[in-house]
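Below are structures written as structure tokens.
You will see subunit A twice below: alongside subunit B first, and alongside subunit C after that.
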Partner chain A sequence: MKFWRKEKSILYALHPEKIPASGARLTYTFGLGGIAVLASLVTLLTGVALTFYYVPTPTDAHASIILIQDVVSFGAVMRGLHYWGAQVMVVAVTLHLARVVFTGGYRPPREFNWLIGVALLVITLVWDFTGYVLRWDDGAYWAFLVGTNLLREIPAYGETIYRAIVGDAQIGANALLRFYGWHIFGLTAAGVFGIVYHLWRLRKDGGISRPVLDENETREFISRDELFFREFITSALISAALVFLTLIFPAPIGTAANLDAGVSDVRAPWIFLWVQNLLRVIPPLWAGIIAPMFVLALIIALPFLDRRGPGRAIWFARERWKPQAILVVIAIVLSALSVLEVWR
Partner chain B sequence: MKLTRRDFLTNLGYGSFLVASGALAALFARFLTPNIVTPAPGPVEIGSPDQYALGSLTHIENARVYLGRDERGFYAISAICTHLGCAPRLDGDEFACPCHGSRFARDGRVLSAPATRPLDRVFVGRSANGKLFVERSRQVDADYRLV
Partner chain C sequence: MNQNGNEGNKGNKGKRDFLYFPSTWFFIATLALFFATLAIVWSESHQPWREWIARYNSQNAVTPVPIEIRALVPTQTGKPELCVTCHVGIEDISASHPAETFGCVVCHGGQPRALDQDRAHATMRGGRNPSALEVAAQSCGQANCHGGYADPDAERNHVDRVLKSVQATYAGGIAHVRFSFGAQKSPTALFGNRAVSDATQVLSPQLRALEMFPANPVSGTLDAKMIACLNGGCHLWTTPAKPQAYQYRGSGCAACHYVYADDGLYRGKDATIARDQPGHGVAHQLTTAIPFSQCNHCHNRGNYDLRTMQFDRRDDLPPVARPLSAQMPPEGRRLIEYYQPIGEFTKCEVELNCVDCHTAQEAMGDGHIYGSKKDAQYVQCQTCHGTPASKPQTAIIKDANELAMRQARINGHAEFIKVGDQVIATARGELLWSIKQIAPNKFVQIDKVSGKIYNVPLAQGSQCTQDGKTQTSDYCHECHKVVR
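What follows is the complex of A and B.
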């Protein structure tokens, strides 16, 4: 009797026996998809732990976070890893998207997986925002207020959509409970399903994209064990980075939300600073609803703007200039708006 | 093209599944929309009239208004920005909104965008015991004064 057989481990089922070396090159993928998966696992695990102390009510939410930070053993570490895991996830998912655009990884037959990937980006951002709200501190409260009031700007159906999401005529106990429910169940279910589907589809589409071979070239492979080893090293480095970030930069928490008092400085979570800046200059419907939808539609459309010839798996291939140029423009505009919002 | 019985029944099956899925989605959406919402807050008592000097403009936090008094009487300006609902605060002689930079004059007029509507005026009344109260859910026009 042997209980442990390496070849019967679940990890074997999740990894192919061998994968082409060109697709696994560090300078090709930078391991970004894998880093996003690792960050989501860290966030999931620490998130489950945090639910045992967090109380999703307006009166107790902030106090329960202070309890986690100051009284619970390793509470600050647990919350810090949750916070930094989420930040690393947002960054890794975004960079992964950029990598796929700049190397043409979305090319047929991988367009469908591109769409799943974009859905995962949206899930990641909403996950992040719903988590930010749960802090129920000054900054989160006002971001929550503005973010939900934007829904009311949608013509005709705004108030209905607002109530379906917030669960009340204004934000309060119902809204906090709902965002908590979405954060820990709804988005988690969608996110885990999406990640698994994305990975499965990657296998079905023939693995990580790679260059088309010349006639006299032979394809080189790396073994499953080599892949395990690389994943292990990457995971160890990223985990260490998360621990360092947690210890050096504790997860922020402000003073408890005060619904009555005016506030002096209100700032959106960093991923939405560009929206906050736009809201200063153009009407709310355009800045808060139409502009983000437009950016999203552009991102979804990128693979379909590129129907020409080869160029897959080559960084910055000239014949694919269109999607790359659009992505660069989006990145520059959103970053500039965000930086200006911080500097004002 | 001839529609066989088999194709017809297959399509009927898929069609029924689609309709049922749509109905289920609608059911979820309707379930999420509440039938009862928290009622708007009632009157909030804010003390006696002589607490507020002529020409003053006082922030009353729990009622989310600024109470003003001029020679014509008392009035209340809503402390909720008409842009996206942040809390404007008095900055010198103007209201400034910290979220998106809207500015309003002391009487609630818009001085600078993004807000386009003046700050709301809220009902001020005097109860039987002589104390003042404000009622957020009752809007009044800018000329309204409690004499």
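What follows is the complex of A and C.
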């Protein structure tokens, strides 16, 4: 009896028979999309495991994390992989986005997939923030308070949106449960659907973008086995890296949120440090709502600023300088604001 | 040019199947996964708490305890605490505070479910010492314990009283130094280490309130020198900055009740407390049987030089060698270890312990603010010995639960007195349980530390000529002078 028949394996079946070699080159994609998918899978699986131990109530949330971290067998590894998987996911998704901009991968027919990708970026960030809140330690609690209060700044509909998302008049047990629900059901459903849709659409759009061929050039392909092989190597190396990250830098957890004590240590997760910085200098509506929305709108608009000259699937093509320049400016401004926030 | 035209497979790349054609990369990747798995398993079996239990087993001559997570569920809180996983074998803090009842967290705070050292200790009250005065009101003095009672004069309000005592305020020292240098017009106390006030003051001499001594005075001024001196460890808010042998002590309640050896070394069973690093109590234990050596950690370690505004440590102490079992050294040695320029002792000072005469109210305050030690002390010769004209004042113990009985029990000498006994009462009506009348003219005293019984002679019918009306506390020194 033969258990392993690769042609009947589902993983195998999910892969195309062959893909153009130029789109699969390491120096073209750096495997970033794949790494993002892997990171999301690691985060998802460890997240499922964590739901067996996490208690989403204000009195027990923090204590249950301590329990996971220190007492539950392999709990620290589980939580560490969840944390580092999520961080790698954010980084990979962001770099993947940059790669697509710098190589013009959003060009038709892939412009719709660009929008799905941006949606996935937003989902990833919110996923990350809701997960951060579930720690219910001092830093997270106050970030939660500040973050949700920003919703109230939205003109006219602020309160409505706040009560929809927080599910209460102020944050507390209900809000924690709501965010737990968002984190493990709402965002997971949206995220998984988004990833599948993104990949499916990639196939429908003809695979990874590639340069237009000259008349006398031959398109080279790699087989399904080769693709599978590369995926395996990358996954194994990234997984090992995640494990060592976890063991060397355990996932952080602060002291339990103390609702009676005054605001002590508001610390946004690192992805939102730039917002935290802005909040210190400009009004909350502008810093917390309008600025992020503006950045998001810019990113969405990037493909439509392309002058549509040649240069498809070529790194840093001059004809496409506008979207690239805008992305660089966004990256520099957000990084600078974040670094300044850390230094203060 | 490929025969198949513009699109087609190239070379042998397409033929590779990773399961059947292992390559260098395949080898590296598999190895990485293997080591990652190994690392997970290794880290899981080498958590620090395992090492502490192993150290406990190797350090103590006991039946080895299994290396497992231990949870203590104190009956008071009902919430599991994992502290004893690492702190296995740690002593109960006292007979009146068994860990089974109170646990660790009720006093120490911290995160009881954590097994990681930093995480578990991050929110501890007062660091290692929950009785530090900054936090004593939340630990020792929390509601229904030793403080926080609505009636400021409630006998159990120890922590509230201590905060106003001269040992904590240092009001007399501050006032007299400032007065000596002309920084204030009278020696009346104005400042304490912290601001305190007393609404009820019924006793004389009274002080309504003390201001907080300026924490950041102009540098170079007298006050700046004084604050440096104060922070160096001469009152209950601090510990000595760089303690040497004979000087180790905690701050707050622990300064007196948590006994340190002269060498500052821990001799208990908890393997997490380093046995070769001075600065730990003898054991994780509180006591009211405070030996004179504990008082000496502050009161006999040198003297203040008013001219230089410096503390001169005495340098004539013998090297620390006293075995711990002999906490009561021979009387001759006590004379050597005792140090005051006056060098005068009464016999009782050589034989008894400080706490045998300096009552709880003297040492810990009575809830009122005093401007000097002299004002705060009230136990005199006549308190125990009476006057030539009369016997000492006494009172009968009426109830098994009254303060005197409780004090005897906590001290560990419950058998010394019983309901119906006649014991000494101070001028304030406070019962001194350790001195009882056993015959019309016969009083005996039990040493609170050693448990030895002493005969207490009466002034009545003796050569004593003191007048009770003009007596002060330092008159105790007048009889049986022993000069070193």
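Note that the second predicted complex is superposed on the first by the 336 of 344 C-alpha atoms of A that agree within 3 Å, B and C clash if a C-alpha of one lies under 4 Å from a C-alpha of the other, contacts with A are read in each partner's own complex, and residues count from 1 in each chain.
Note that contacts are C-beta pairs under 8 Å (C-beta built on N, C-alpha and C of every residue); 3 or more make two chains touch, one makes a residue touch a chain.
On a predicted model such as this, the values are computed, not experimentally measured, just so you know.
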Putting subunit B and subunit C on the same copy of subunit A, do they fit or clash? fit
Which partner does A:7 contact after superposing on A: first (subunit B), second (subunit C), both, neither? neither
When the two structures are overlaid on chain A, which partner does A:164 contact: first (subunit B), second (subunit C), both, or neither? first
Of the two partner chains, subunit B (first) and subunit C (second), which one does A:280 touch, if any: first, second, both, or neither? first
Is A:214 contacted by the first partner subunit B, the second partner subunit C, both or neither? neither
Which superposed partner A:232 touches (first subunit B, second subunit C, both, neither): second
For A:66, is the partner it touches subunit B (first), subunit C (second), both, or none of the two (neither)? second
Report for A:266: first if it touches subunit B alone, second if subunit C alone, otherwise both or neither. first
Looking only at contacts as defined up top, I'd like to know whether subunit B or subunit C touches more of subunit A. C
First, second, both or neither for A:74, with subunit B first and subunit C second: second
Three-chain overlay, closest Cα atoms of subunit B and subunit C, distance in Å: 8
Pick out the shared contact residues on subunit A: the ones touching subunit B in one complex and subunit C in the other. none
Subunit B partner, complex, touching residues on subunit A are 142, 145-146, 149-150, 160, 163-165, 167-170, 172, 174, 260-266, 276, 279-284, 288
Subunit C residues touching subunit A - in the complex, by the definition given at the top: 1-2, 5-10, 13-19, 25-26, 28-30, 32-33, 35-37, 39-40, 43-44, 69, 82, 111, 113-116, 119, 122-123
The residues of subunit A that touch subunit C in their complex are 4, 6, 18, 21, 63, 66-67, 69-71, 73-74, 76-77, 213, 216-223, 225-226, 228-229, 232-233, 236-237, 239-241, 243-244, 247, 253, 255-256
Flag every residue of subunit B that touches subunit A in the complex, lowest number first. 29, 32-34, 37-38, 40, 59, 61-62, 64, 79, 83-89, 98-101, 113-114
